[in-house]
Amino acid sequence: MSALVVINPNSSESVTAGIAEAVAPLHPFGIPIRCETLAAGPPAIESQAAADRVVPPLLELARTLEPEAAGFVIACFGDPGVHALRDETARPVLGIQEAAVATALTLGQRFGVISILPASIPRHMRSFAAMGVMDRLAGDRALGRGVAELSDEDATLAALAETGTALRDLDGAEVLILGCAGMARYRAAVAAATGLPVVEPCQAAAAMALGRIALGQSHRPGG
Amino acid sequence: MSALVVINPNSSESVTAGIAEAVAPLHPFGIPIRCETLAAGPPAIESQAAADRVVPPLLELARTLEPEAAGFVIACFGDPGVHALRDETARPVLGIQEAAVATALTLGQRFGVISILPASIPRHMRSFAAMGVMDRLAGDRALGRGVAELSDEDATLAALAETGTALRDLDGAEVLILGCAGMARYRAAVAAATGLPVVEPCQAAAAMALGRIALGQSHRPGG
Amino acid sequence: MSALVVINPNSSESVTAGIAEAVAPLHPFGIPIRCETLAAGPPAIESQAAADRVVPPLLELARTLEPEAAGFVIACFGDPGVHALRDETARPVLGIQEAAVATALTLGQRFGVISILPASIPRHMRSFAAMGVMDRLAGDRALGRGVAELSDEDATLAALAETGTALRDLDGAEVLILGCAGMARYRAAVAAATGLPVVEPCQAAAAMALGRIALGQSHRPGG
Amino acid sequence: MSALVVINPNSSESVTAGIAEAVAPLHPFGIPIRCETLAAGPPAIESQAAADRVVPPLLELARTLEPEAAGFVIACFGDPGVHALRDETARPVLGIQEAAVATALTLGQRFGVISILPASIPRHMRSFAAMGVMDRLAGDRALGRGVAELSDEDATLAALAETGTALRDLDGAEVLILGCAGMARYRAAVAAATGLPVVEPCQAAAAMALGRIALGQSHRPGG
Amino acid sequence: MSALVVINPNSSESVTAGIAEAVAPLHPFGIPIRCETLAAGPPAIESQAAADRVVPPLLELARTLEPEAAGFVIACFGDPGVHALRDETARPVLGIQEAAVATALTLGQRFGVISILPASIPRHMRSFAAMGVMDRLAGDRALGRGVAELSDEDATLAALAETGTALRDLDGAEVLILGCAGMARYRAAVAAATGLPVVEPCQAAAAMALGRIALGQSHRPGG
Amino acid sequence: MSALVVINPNSSESVTAGIAEAVAPLHPFGIPIRCETLAAGPPAIESQAAADRVVPPLLELARTLEPEAAGFVIACFGDPGVHALRDETARPVLGIQEAAVATALTLGQRFGVISILPASIPRHMRSFAAMGVMDRLAGDRALGRGVAELSDEDATLAALAETGTALRDLDGAEVLILGCAGMARYRAAVAAATGLPVVEPCQAAAAMALGRIALGQSHRPGG
């Protein structure tokens, strides 16, 4: 039976494991979910150059997996290769950033984004603008911690809570988005700390992708 | 076991039946889906006044059903009562219009909407603007057929194909949204006629709602 | 002689009295102004659910009063029922929120809104977005006082001055809007405290409505 | 008693006479309305250069009239000098373009503009964008007739009806704005021909200005 | 002496030759201009997947050329790798799409784009949205001719004139952008055929890049 | 040989001298640059009224200089007369504000503006909105120093650094624009103090104008 294939385009197996755990509540839907690590990717994707460089091997991996794939999620905030992959497959393709935003649009009027590093923010802004949702953005604030540092749980959670609170109180966010696939395990804690709904983007994308698989819905008419 | 409750706020059982059929492919997800008709509603909702008038009985029905509800979908394009119901329940609540738009955002750069009557369009425009997605809207064109007339299949399909083609060729739509719950059965035919992906809004909303139920995600942190 | 009918959709007579006082400077225009309280409304409208619930009785009251009405103002920030009432009457209909915004657009480049409670802000944001004026919005800040507490004059004025000053200095507002019909009496004091022009929304709506009555102008061609 | 001063910044007395006639229904409001012609202006203002050149003499005229003025309307679509005059007087100042747009925002979701010449349209677009209302604009179409030709009633009315119909049917306008002070007398006829509400901008501005005079409201706090 | 390096990311030498000819009028500025072909690129870039795939070799080529480069232009409409290259060099980097748009913003209020194929348009739309300039876009219309077919001069010019005229007359464009590096030689002819200013994007980008080199201006402070 | 004519519309020769120094790095391009002072202008342009009043003499000066002019730059942030001058000449015309914004769009995702006085900001906002780039604006903050005070170098630089840092840290600016022609000499120092690229608007406009002269590109097809 074909599966939803979730590709982590960085090479960190621990991130892939976090994603797999995040999407586990969707297993009862009955469609297998395979979480794959792009071995050719860098340990973390923290620049546009890094994001752009993973696209060719990511497309290659997707092509290899396509026969067993019912659909794809690209699990890097920034959505590298999402539109390119749609050029190459009729299967549903979701990026975690676009899915998180689409989800947040129905959870509160203005969304706030917790990014890892300040350098991520301009990249996100370009994406939110390309999505046409700038009027829904409350703010995007950086945690100031790279992907590698996210594994220090206490320090990360404290920084997440502080950043989320600033987005709520200073920027007017009513819903938060975790702006990196590597923050997957912190959703409930951030919700508790801020009193806001929190969107974990891998969950958002996997849920949307499973719906499309069930409905036979993709970016192509006979998708 | 609690169910996703889909409320058709008009009193037409045939529309409710069409919705039930549209969401049937989501049954394998394992969460029951109950489609309810708002008996107190009008046969069709074709004005803002009609939409506003259904909200109090709709909230009443939702309150009655809440103990058995894992989440709600309000199945009227225009999303009457969606924000009000969110004030009153912690369960996930999705409107079919907002869900269709959120879905379309990830299927093509500009979406076109097939409305029933010209008078629906300003209402839709207010909603799309309130969602902040006007730059993604290719156009909204009316079929010129009321809800009651949608049951004449051949004429309706011809009008749908013609309207969808105009949205594609004159307005630049890359994805179409069926702008009425009563068009549910025509999705595949419109996709075939236009060569575009077509979003059926009840499907879009039910799929999103099921994902949220599985993920424990709503507009409230402990939702 | 028919009158401009101003409907306060909450049941607080003191709010209606404040509205009547606010619009008194328009009496010399020669068109009678009747301020009516919606007895069926709640004491205050502080949620979307409350706003939605007043629409059916409000439409009923308007229908009753229509023979004597030259036009209508719905005097609740949030404009419940404004579009619905336009479906049902050819008389001019103004909501105080839309009229306040339309007025503010000609008084300064960016407007700030003083809301009563934080929960009002998302509702306002949806309305400002639906009006398409988000780029003109400097900010919307809550007073943190409910409608009932607005009668404590000293504390209310201090909070209004502080909130208005924050909108001016932190958000860049050049004109302020009092975001609740119940703040009518504070316009001059807030203007003095902030040095900014201040729009009282009932005044703004009544003035626009009287102009339309005189000009024979409504949302319908023969209005 | 001080008056609302309406300044026609072109030198055509016939245009001033048309404006005076258009605002006559506002006489019962009890505030005198004086319509003045800027003798130093050109016969028609049909370019940005012409619009910019009238500002200094217009400011001079306003300064001379200020002692007798309760407020000002600048009666040229394009609003030359409106912001400059606000720098120089505390009296209410309205431009007919901004007032027409502010009025149209409460009459329909998308407004269409009937301009005189194609060259007017970019100027209008800059103004609508500066007002932040581009998402409310259905379209702006030129009549193809200069100010001088507007006096040929039959030909002008035929062109107005045709242009208004195109704005309604091709662009989706729900309300029309007459985009030139010289079209004042055609409001009712265009409404009849198109079945849409039609805003005559001098009326819109004069009505708003009278309201502000009565309410003691201007762009300055003690205005 | 270091040069402005213009990289054509497709492998068609004839396109590179056309670019070189287009930028020749800038030789008197005294900064050498080197036009390079990305041998690793495809003959034409007609999809997002193709655009994404050229980025890694393009970054590699830029890295090789950097010691001799005073600045870079990436000469593919769609701007593949522009933001990535900015991550990797302090030299000025311009994409031809962004430079063409920035140029057009100062030549007319609404710009029209002549694309090669319909499939290019969604890609352009995402870019224009990411640039935040959607309100300045009149329209984007496809020529219906691939890069390879652009060498048939008569047929291409006829199609360009027809497309440009549609952008002017149906969409309201006041300035046109040639939406492909391979149309460079047609600028004057399209201007003559449409009576509109026409921006050739390689010229626009090269001119901007030379200015930055002279001024010591890049995306980095000490650029 | 005809020259690029840069007109400083205020009468301060010291500002003109600063502009001349700023554009000096562009002399190697081989096109002479003449910097002219509008003797009829005020010492500083610090209001819309002042800006509007300089347009007629500025157009007069441009007309006189046109025979020797290859193009024009109007060197006052606010761009008085730019569109008017385009009505009157086929030569390239650039305003320093629009050129600075167009340049900044390619240097960072959000630009911050350092204005002289708070009263300048609404004027700038109207211009940025008219340009359709509000989503790219991080913020506009006033230095709190008039044009005359800009000559006190130490105090001005301290204020520039503080304001630029606030735009970077509080508003999210990635690129700064000096919002007054009189700040020309501070570009490098502000870049050093903030670590951001800084656009000096006279440089930006002169560079763009020289490119257009070389390319034979203006707002008219045969420009």
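Note that the chains are named A, B, C, D, E and F in the order they appear, and that numbering of residues resets to 1 at the start of each chain.
By definition in this document, a contact is a pair of C-beta atoms (placed from the backbone, for glycine too) under 8 Å apart; a residue touches a chain by one contact, two chains touch by 3 or more.
Note that the structure is a prediction, hence the values are computed from the model and not measured.
Asks: Note whether the interface between chain B and chain C is symmetric in residue numbering, meaning over half of all numbers used appear on both sides, and answer same or different.
Replies: Same, since most residue numbers here occur in both copies.
Asks: Looking at C-D and C-F, which pair shares more C-beta contacts?
Replies: Output for the comparison: C-D.
Asks: Roughly how far is chain E from chain F, going centre to centre by Cα mean, in whole Å?
Replies: Spacing between the chain centres: roughly 26 Å.
Asks: Which integer distance in Å separates the CA centroid of chain D from that of chain E?
Replies: Measuring from centre to centre gives 41 Å for this pair.
Asks: From the mean C-alpha coordinate of chain D to that of chain F, what's the distance rounded to whole Å?
Replies: Each chain's C-alpha centroid was found; their separation is 32 Å.
Asks: Chain C: which residues touch two or more other chains?
Replies: In chain C, 108, 126, 129, 131-132, 134-135 touch at least two other chains.
Asks: What is the shape of the graph in which nodes denote protein chains and edges denote touching chain pairs (line, ring, star, complete, other)?
Replies: other
Asks: Per the touch rule above, enumerate the chain pairs that touch, sorted by label.
Replies: Listed by label, chains in contact pair as A-B, A-C, A-E, A-F, B-C, B-D, B-E, C-D, C-F, D-E, D-F, E-F.
Asks: Could you list, by residue number, the parts of chain D that touch chain E in their complex?
Replies: Within the complex, chain D touches chain E at residues 121-122, 125-126, 129, 134, 140.
Asks: Going by the contact rule set out above, which residues of chain A touch chain B in the complex?
Replies: Contact set of chain A toward chain B: 25-26, 28-30, 94-95, 98-99, 101-103, 105-108, 131-136, 175, 191-192, 194-199, 203-204, 207-208, 210-212, 214-223.
Asks: Which residues of chain B touch chain C in their complex?
Replies: 47-49, 51-53, 55-56, 59, 81, 83-88, 123, 126-127, 129-132, 134
Asks: Under the stated contact criterion, what part of chain D meets chain B in this complex?
Replies: Residue positions touching the partner: 108-110, 135, 172, 174.
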